[in-house]
Amino acid sequence: MPEVVVYMVEGRSAEQKRNLLKGVTQALVDNLGVPADAVTVSLMETPKHLKSKGGVPFSER
Amino acid sequence: MPEVVVYMVEGRSAEQKRNLLKGVTQALVDNLGVPADAVTVSLMETPKHLKSKGGVPFSER
Amino acid sequence: MPEVVVYMVEGRSAEQKRNLLKGVTQALVDNLGVPADAVTVSLMETPKHLKSKGGVPFSER
Amino acid sequence: MPEVVVYMVEGRSAEQKRNLLKGVTQALVDNLGVPADAVTVSLMETPKHLKSKGGVPFSER
Amino acid sequence: MPEVVVYMVEGRSAEQKRNLLKGVTQALVDNLGVPADAVTVSLMETPKHLKSKGGVPFSER
Amino acid sequence: MPEVVVYMVEGRSAEQKRNLLKGVTQALVDNLGVPADAVTVSLMETPKHLKSKGGVPFSER
């Protein structure tokens, strides 16, 4: 029952996110030998002003 | 000071969530012998299209 | 498929932790109406010198 | 590449959050000797009714 | 700078874990269009007696 | 009651980690106006072979 949490900034399309859920799941199936239904993935979208790199919010980079 | 994070999809009632915060806290008090005020619980509600099982978003299951 | 992560310091007995897994699971079953098998709980035990309250490690409190 | 996640309730000003991102990053730079650009910080703001202390939501404390 | 955290029980081989790090990274590159070097992945291995499904530790399932 | 989780690879000295706990706490006190005792910080040290950047484990970079 691996669970995956992806921390990312907002701004991806619905299709990108849908495909990401599928792709990450498949990576676990392929490499751990677990059935797909045992894998949950949560995408945690953070608004750009609430996430930083180098101390600078992504809204200002 | 245990901290609990619950990852769940959106769609529960306000009362369910209020009771869940209380019930999880009580489980820690009962089993770890900590005072209730030492326990924090955060409910991370993920929109259904951002969480998947088996690679399929909960919005489509 | 709610997933629960509990962040706690090391030092609890095997029995406390076993009961905690059961108790937290039951709190979700009772309050969200999900089947027990849909609930996963992970206990993340942090060594006392790697967790602090008030900036002071639990190993020194 | 340390990553930091801060779990907090909603209600801080934009300036507080901006400064927090900078201050936490600086704490890692100062104490781990990593370059600022290697540090990411995510602020996870939880609505007050979804986070509790002592089993009581912050919206009611 | 998406960051990924995978919560899993102990017991996978070194090669499985190495391939998993690569496979999850590739899933983000493919689906979000980010460079590989922007992606960090952390595998959080939980001992089997500290993680449960249905309230039963994986050490007893 | 903000809680902070820092995901980092192993290999820092005891003193670095002790100072990091203090420094991160102070950053929250300074910028959110919370008392130090309301702040908990957990350092999650990941072995270098279990964390990657660009799909390559830190043990091989």
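Each chain gets a letter, A, B, C, D, E and F, in the order it is written, and its residues are counted from 1.
The rule is simple: a residue touches a chain if its C-beta (ideal position, glycine included) is under 8 Å from a C-beta of that chain, and two chains touch if they have at least 3 such contacts.
Here the structure is a predicted model, which means the values were calculated and not measured.
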Chains touching both chain A and chain E: C, D
Pair joined by the larger number of C-beta contacts - A-B, B-C: B-C
Contact-pair overlap exceeding half with E-F, pair selected from A-C, C-E or A-E: C-E
Mean-CA-position distance for chain F and chain A (Å): 21
Chain D and chain E: spacing of chain centres that average the CA atoms, whole Å: 24
Shared interface positions of chain B, touching two or more other chains: 1, 3, 5, 7, 26, 40, 42, 44, 51, 53
Category of the chain touch graph - line, ring, star, complete, other: other
Pairs of chains satisfying the touch condition: A-B, A-C, A-D, A-E, B-C, B-D, B-F, C-E, C-F, D-E, D-F, E-F
Chain E to chain F touching residues, read off their complex: 3, 5, 14, 17-18, 21-22, 25-26, 35-37, 39-45
Of chain A, residues touching chain D in the complex: 7, 44, 46, 49-57
Chain C-facing residues of chain A, complex: 1, 3, 40, 42
Parts of chain B lying in touch with chain C, wherever the complex brings them together: 1-9, 12, 16, 19-20, 23-24, 26-28, 30-33, 51, 53
